[in-house]
Amino acid sequence: MPGRIQGKQVFISRAHEFMGPAIRELFAEEGGVIKADERDLTPEHAAAEAIREAGEVDILIVNLIAPDPRIILEPDTTEDLWQVMFDTMVHPMYRLCHAVLPQMRSRGSGKIVVMGSANAIRGTNNRSAYSAARGAQVSYVRSLGIELAPLNVHVNLMAQFLVENPTSVPQGKLADLTQRLPEIPLGRMAKGRESALLALYLASNESDFLVGQILPFAGGWTA
Amino acid sequence: MPGRIQGKQVFISRAHEFMGPAIRELFAEEGGVIKADERDLTPEHAAAEAIREAGEVDILIVNLIAPDPRIILEPDTTEDLWQVMFDTMVHPMYRLCHAVLPQMRSRGSGKIVVMGSANAIRGTNNRSAYSAARGAQVSYVRSLGIELAPLNVHVNLMAQFLVENPTSVPQGKLADLTQRLPEIPLGRMAKGRESALLALYLASNESDFLVGQILPFAGGWTA
Amino acid sequence: MPGRIQGKQVFISRAHEFMGPAIRELFAEEGGVIKADERDLTPEHAAAEAIREAGEVDILIVNLIAPDPRIILEPDTTEDLWQVMFDTMVHPMYRLCHAVLPQMRSRGSGKIVVMGSANAIRGTNNRSAYSAARGAQVSYVRSLGIELAPLNVHVNLMAQFLVENPTSVPQGKLADLTQRLPEIPLGRMAKGRESALLALYLASNESDFLVGQILPFAGGWTA
Amino acid sequence: MPGRIQGKQVFISRAHEFMGPAIRELFAEEGGVIKADERDLTPEHAAAEAIREAGEVDILIVNLIAPDPRIILEPDTTEDLWQVMFDTMVHPMYRLCHAVLPQMRSRGSGKIVVMGSANAIRGTNNRSAYSAARGAQVSYVRSLGIELAPLNVHVNLMAQFLVENPTSVPQGKLADLTQRLPEIPLGRMAKGRESALLALYLASNESDFLVGQILPFAGGWTA
């Protein structure tokens, strides 16, 4: 029985971190041909090179996360810490999309899923720089989704909160998050696979009626 | 191979109208045991009776729509037209949930999906009464979702716009909707099956990290 | 020096409770001619009678709140408790607007401010019935605001949270709210006058570019 | 009679463009001591220098807009056009806030109003880069507003749409905007002074209960 994205070429950026491993595993099970890219995307031309090397891309997973620290009191924010948020999460997002769109336009189809954060849509203490960058992702997807809708290219974003992943919420590091769990109605973190299942929906043709949409995936933390 | 809701008992209210037929078909294909109920739910005790007759319900699909006219200029709104919105879409929603929750609490699991409207989250001309009732659904789900989260009962809502269905958007009645299609970035109506696929995600255990969530399903019409 | 609503005829429903007293005081200071109405608005024809008796109304303040209890666990919700939410906050809102609109249309101007709740836009534990009714207000205002915009009649809503008032948050009853204050970034309740100042903005011609808008007034509790 | 911000020191960035002139005029009428700054804020240290030269700042108006073109089809977006959005609207916002906050913290009071765009909260065709930068502003304000709330420093944002200003919507250039006016329920552009009146509310102590709030000012275009 064919998988839900059988035979689709899937490009995953920074496939070794954040939601990369969980998406890679599930999407392969569902028949996707995985192009897992691990390169540093902060250099200006890295994204374009990655897409060029990848060849055909039916599904682009924009999987980007800033390095630590992401939790910074405003007085401790520096120009460097500010810029790194945009250099790692915002500018590579634009460059990946810009690089992949010509082929999606010419084929008349494509799926882009941005793995974003619920910190963009609900204010969070001591994360002003991180939130700002995640907010750029949200508003970019809303407008790009509308622009690309007539081309049958679908761009959407997941606004995550407290999902296990090797980078920002390593499995078992519950202790560090004890303070945050009471904030979340479900009282637990999500497994990476649960997040990947929503990404799968957005990457498959099941979601062909969704564009420019911001889907919270946050245990009830945000509506 | 088992379906995505294999063996689950699915209660669908007003199964012959609105999203009922599309959900019924897909959910049966995915292994659900369908309890399709067609009764009039406006009498006060109808919902409780329907749930009692249904027996075990693992998945409750709150599928409710007001009869025509739903598009009403404010000066033409009457007390009767106003009340019918709440009598058909709001009060039965509460009663269905209230009736099914004791069994879901005692089993420690359950899924409720409310088939709502994007008119609740984006203002729409000449639909003030309809929007008001759809808005009651949205805010009910947000709060109920949070209250039930610790019980492992998950309540979420789909905020639809321009989805083909036998009641409000009959297949082929494109002519009547010509004025609205340009508003929608994707430039088309959704098929009933596309909507049912998102309902399936919300009804299955794939979405166990979502509660109190309002998921737009609207072709980019609303974010 | 003239006040900000000098000479305007202001109708305030249920003027003795909820935000009525604070609005009445400030609006009088700012030159408004106050028509304070205290009648019970649950009977079907009460709102129409109140508006007829009031005569000219330039500014309608829809000031409505359900009686206690408003915090109800779902299992304790009854048909009566559910209906009272709609009977006190939703149906009278529609009837007040419906009754006042003919005169506003014919004059080609008017302001309607609905004093709503942030519980409508952020899910809240144990308030599913209250939230549902407040949500009906929100979506009604969004759509009605759009419909009436071309007539130069402006309808907007304030989504309040933790504002001192004689009905739901009596002054000095801080003890009862101790549990909620940590949720609110500003760490305090608002004074009634602070809320009235935003209502004043919405009631005056300063806000002539706002229609169908939901303005949170919530100490940072919701964005 | 004292004005609504009598004696307050008001810093307005880029005071000659965008909403600067309208705010400057109204805020002076209301008793503010205006520090109108016109310097280019794209150099890294320009914002800090501007604040240092300004001395005491009670009210910071973050008034920033990208140069033309702001309407760009995605295929025409270049690295330079992308970066200019962030260089002109996002990074100077952070630097202005970061520079002014030490004095506001030490005084235990302060108001920051970011003049943003409704394009951040509703998707818009052919503005993906512009929207992204405006979205960074929105999410920054949400989180910073929460962080600074306990210090009695209030940060909020106005999400504007179609407001007359000398930069993006010059008075009388209605012809160019003919296509957009039907989108806006009020069917007209706002005057600069109308926008300044809401900014005045946010800059004055009348809004002391608002932090991290995004206030649409958009003629009903977005809720």
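A, B, C and D are the chain letters, set down in written order, and residue numbers restart from 1 in every chain.
Note that a contact is a pair of C-beta atoms (placed from the backbone, for glycine too) under 8 Å apart; a residue touches a chain by one contact, two chains touch by 3 or more.
Fair warning: this is a prediction, and the values are worked out from it, not measured in the lab.
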Could you tell me which chain lies farthest from subunit A when each chain's centre is the average position of its Cα atoms? C
Taking each chain's centre as the mean of its CA atoms, subunit B sits from subunit C at a distance in Å of 29
For subunit B and subunit D, let me know how many angstrom lie between their CA-based centres, rounded off. 40
Among subunit B residues, those touching two or more other chains are 121-123, 142, 145-146, 185, 212, 220, 223
For the protein chains shown, what form does their contact graph take: line, ring, star, complete or other? complete
Contacting residues of subunit C [partner subunit B, same complex]: 44, 73-75, 77, 79, 82-83, 86, 90-91, 94-95, 97-98, 101-102, 105, 119-140, 142-148, 212
Can you check the complex and tell me which residues of subunit C touch subunit A? 121-123, 185, 220, 223
Where on subunit C is subunit D touching in the complex? 1, 142, 145-146, 149-150, 163, 185-187, 190, 194-195, 197-198, 201, 206-220, 223
